[in-house]
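Shared between the two complexes below is chain A, which has chain B as its partner in the first and chain C in the second.
== the complex of A and B ==
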């Protein structure tokens, strides 16, 4: 019953999306605002209907309606309620419906919030978003429907993939999709600005919060994914340069580039074409990310080709989008002349330009590594893979370069810096950075990349801290305030700048985590029988016993390990779980997290009677990665508090 | 003071240098990083040509071929593509999804005349998770009923 309601609601939403696409166009053709208002109403109703459709699918899960094919394939009677309610995005079809629902929600919010402020571009924005929504709903309704019924329904479903029965994987897709879909709004405003010849950059101010929102959602989504990989897959790492991870990393990189380069357009009226290029690319990569993961093309080009309907449709969708966007950009490029020119390499705009080049190079690296194997497989029968060494080789230098620019960018003035200014801003941080090298050597960091990263982290934190303390002192003297009051007022006056700096601090903390876990991870593979013990770092680990345990839909072999070090004793219980008595075992690593390091224990197979294989890792500073991403979220939230800033040009 | 034209040239040269360095970095890393995928039959056919190269070999773990050396993590098994099969050695913990009769991809350096010493075993985690009862027959059945419902 519910699934039919959901199906019907989606069909109606598709019809309304066509109206959302067509009515504003008709309104502009015959100069009749009534039609544009019809389009706006269609956006609201399409959102309501897709909300109903998503609710219908979730209710089908909650009521164990296994006559629905999608439910039968992704749930079972024993699946806990929490995972039942979130199994909606456990597979391709439901994920695409979730995507479409987010899109309709954001379109409705945009139609509501920007209606009064953007009378000229609004019809185009609505129409472009309507076209996207039609595109997605056609896919959901005709090629990837979650509403299909089974004639002879099974008594119980196939259950959700055990690897997905984890909180990290429950939250990962929705955040990722909110990020992907969110970029549609700035994209639509950018295109509308181009069509209506308003490329001077008002669209950037209008959509600044959308961009920040999308980027932080994408960031959170990626971190959830990394955390899940670390927590659930039991290989001691968090990022494997898997094509699925890469797909979300590409729009993230170009999104960072966009967030920085729009500031140059805002302040210096430069990079107009470049910014349009970046937002088109970011949104196109968001779509590519969805399609790569959701089309099955990654597991095998041939498997993908057996379902050519979906594949051809997706390729056509991407082609139309890219032709439309870049075609528009080239035909309208004459109105995008910059008002000013670059004057000096010692300027903020130049450092942002180089930062953009680094980020786009990073995105190209990932794109090449992800798509090249697909191209080879399609064009010849050969299969090829590109491994983690390639990405690490390219990304470590890029990351170091980015770190350096991160220290320079916020503190170098616009237009051109004098020698005196450069010396005043950067001499002390450079000395601090270099002075860190011998200290790092003594701490045992001997790897050149580790040393460079540490020196740069010190350099960046010094530039940022000096900027903050300098300004606080200035305000204390000028307005005779106490230090906290001065800090409060300073941040309150410019949430964007200090939000951005907080994001930079978050990145530094994450870099510490990358370096610590990347260079200093210790791994032990060994056999233990109850009573055996070993030393790892300053930990003393003892296998106390082996046993069995069970929950609602799984049972497990469980080891009990006591880990001791001076002043601390913890018990770790790694498991090998079997879900629903009839499937593959899955590894549940036991992790003890401290701010200094993680102790990470994986239970393997029995090697003979009473002896078990174990893999034990000591992962230094890995918690800093998760903590740093929290700081980044705070920083972006702070930056989002500030609405549109009064126009301030640096000419 | 430098003339504006000179400044402009300096800027452009700096930018080109950055772009060039990044491009070189990407392509020099890329060319050495490609690992080709082969089936056991292809390996047998091109054994000499592939000698000393890093390869991935994919197929099924032949049922009944998995031998564990007691007291160690050393295993031996045959990877088969139906036509030919290839002995593989590995030491270490295997992924959860690794077992006889299942698909597997092994990676390592191919040396002609020796068992393939894998340094990595990959068993893909797929979202289309299929427990035993619902395996191929189950899918065929539900597809049939789906076709019926469409008619």
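== the complex of A and C ==
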């Protein structure tokens, strides 16, 4: 019953999306605002109906309605309630419905919030978003419907893939989708600005929060995915440069570029075409992610059901969108002349320009590495894979350059800096950075990238800390305030700036984690039987016993390992689980996390009687990656508090 | 934006879209096996239906289709009718035989599978510990290998054999000695 309601609601939502696409166009053609208002109402109702449809699908899961094909394929009677509800996006069809629901929600919010403030561009924004919504709903309704009934319903479902029965996997997709879909709003505003020739940048102010929101959702989604890969897949790492990971990383990179270069347009009226290019590219790369994931055009760890029919459809959708967007950009861009010119390479706008070039170059290297295997396979039918060695060589140097610019950008003035200013701002940080080199050498960092990263982390944190402490001191002296009060007032006056700086600190913490875990990971592969022990770092590990354990829908072999070091004893219990309905065992790594390092134990296969294979890792500083991403989230939240900045041009 | 940049931008976009259009034809599971045109690794394993152990080298002088399967494999069910048909059709050919390798499986489950879906009649080697499968570089099921009379692997097919596979893929090799 519920699934029919959901199906019908989705069909109605598709009809309303057509109206959302067409009515504003009609309104503009015949100059009748009533039609535009119809479009706006259609956006609200489509959102309500898709909410109903998503709820209907979730209810079908909760009530174990195995006559629904999608439910039968992704749930079972034994599946815990939490995973039952979230199994809605455990497969391709439901994911797309969730995707469409997010889009309709964001469209409705945009139609509500920007209606009064953007009368000129609103009809175009609605129409463009309507077209996107139609595109997704056609896919949901006709090519990957989650509403199909089975004529011969099974008594029990096939269960959710065990790897997805995990909190990390529950949250990874929705955040990623919110990030992808969120970029549709700035994209639509940008296109509307281009069509109505309002290239002066009002659309940037209007969509600043949307952009920040989408970017932080994407960040959280990526980090959840990395964290899940780390503790669930049991290979000791968190990032594999897999095509689908790359697909989420590319819009992230161009999104960072966009977040920075819009500041230049806001303050200096430059980079107008470039910003349009960036937001179109960011949204296009988000769609590319969908295409790569859902068409099966690339082999990937994300081995979803592949279906060429869907691939053809998404490709057509993407072709129309890309040709429309970039075609419009190339024909209309000549009207957008920058109001000012770069005056000096010693200026913030120039550092942002270089930052953008680095980020886009970074995105290009990732794109190249992702598409190269596809090109080789298509053109020569050989099989190649591009992995970490390529990205380590090409991508890391680019990101080290980024790190340097991160220290320069916030502390160099707009327009042109004097030599004296440069010396005052950057001499001390540069000395601190260089002084860090011998210290790093003594710590055992000998890899050139590691040394450079550490020096740059010191350089950037010094510039940022000096900026903050300098301003706090200034306020303390001027307004005779205590230090915390001065800090509070300073941050409160400019959440954008200090939110951004907090994000930079988060990145620095993550970089420390990347360097530590990337260069100093220790790994042991060995056979143990109960009673055996080994040494890893300053840990003494002893396999105490092997046993079995079981929960509602799985059984597991479980090892009990005692890990000791001076002043600390912990017990680790890595498991090898077999979920009912699935023959493939999954590994559950046992991880002991401290701020210094993770002890990470994976149980392998039994070798012979009583002897088991183990893989044991020591991953230094890996927790810093997760902690740093938390700081980034805080920073973005802070920056989002501040609405549009009052017009302040640096001319 | 000046003219050159416009052309580059649109050119890159078109090139990527074109690559995707061509790439949709690819099957990501189709990984060329390095074992093709190498001597097949020989094996002797107990037969599923009892009787003589199955030995690959005993079949020298004939083309051998080696089909890796398991009762746990869903695509094998889809493939099975064609194997039945092919076995029936080629029974009288003196130059072609088929054998199955039932891997990562228990004899009881495998016999149950054949009882349910039909027994094509050719022998099946049992490989519960995947020793043969690992030697042959099998990474999924079903996978099929065509071994020539001299004992060299000439072709690998990943995934279920499709109806008409024998005529389309195997016969050209067997008759012309050329790779299709």
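Simple rule for what comes next: the second predicted complex is superposed on the first by the 637 of 651 C-alpha atoms of A that agree within 3 Å, B and C clash if a C-alpha of one lies under 4 Å from a C-alpha of the other, contacts with A are read in each partner's own complex, and residues count from 1 in each chain.
Quick note on the criterion: a contact is a pair of C-beta atoms (placed from the backbone, for glycine too) under 8 Å apart; a residue touches a chain by one contact, two chains touch by 3 or more.
The shown structure was predicted, so the numbers you read here are calculated from the model rather than taken from an experiment.
Once the two complexes are overlaid through chain A, chain B and chain C clash, as defined at the top of the document. Put chain B and chain C next to each other and count what each touches on chain A; the higher total goes to B. Once chain A of one complex is fitted onto chain A of the other, the partner contacts of A:273 are limited to chain C, with no touch recorded for chain B. When the two complexes are overlaid on their common chain A, residue A:375 makes contact with chain C while staying clear of chain B. Within the superposed three-chain model, A:319 lies in touch with chain C and out of touch with chain B [touch as defined at top].
After overlaying the two complexes on the shared chain, residue contacts for A:429 are found with neither chain B nor chain C. In the superposed pair of complexes, A:383 makes contact with chain B and with chain C alike. When both complexes are overlaid on chain A, the residue A:361 reaches chain B alone and has no touch with chain C. After superposition on chain A, the stretch of chain C that runs into chain B among 21-29, 111-119, 129-137 or 165-173 is 129-137.
Of the residues of chain A, those at positions 299, 382-383, 583 touch chain B in one of the two structures and chain C in the other. Taken together, the chain B residues at the contact with chain A in this complex read 7-8, 10-11, 14-15, 18-19, 22-23, 25-26, 29-30, 32-37, 56, 58, 68, 70-73, 92-94, 96-97, 99, 124-134, 142, 145-146, 148-149. The touching residues of chain C, when paired with chain A in their complex, are 1, 6, 9-10, 13, 16-17, 19-26, 28-29, 31-32, 72. Listing the residues of chain A that touch chain B in their complex gives 69, 72-73, 90-92, 148-152, 154, 158-164, 233-234, 299, 341-345, 350, 353-354, 357-358, 361, 364-365, 368-369, 372, 382-387, 389-390, 393-394, 397-398, 525, 527, 580, 582-587, 602, 604-605, 607-608, 611, 613, 615. If you check the complex, the residues on chain A that touch chain C are 273, 277, 291, 295-300, 306, 308, 311-312, 315, 318-319, 322-323, 326-327, 329-330, 333-334, 371, 374-375, 377-379, 381-383, 583.
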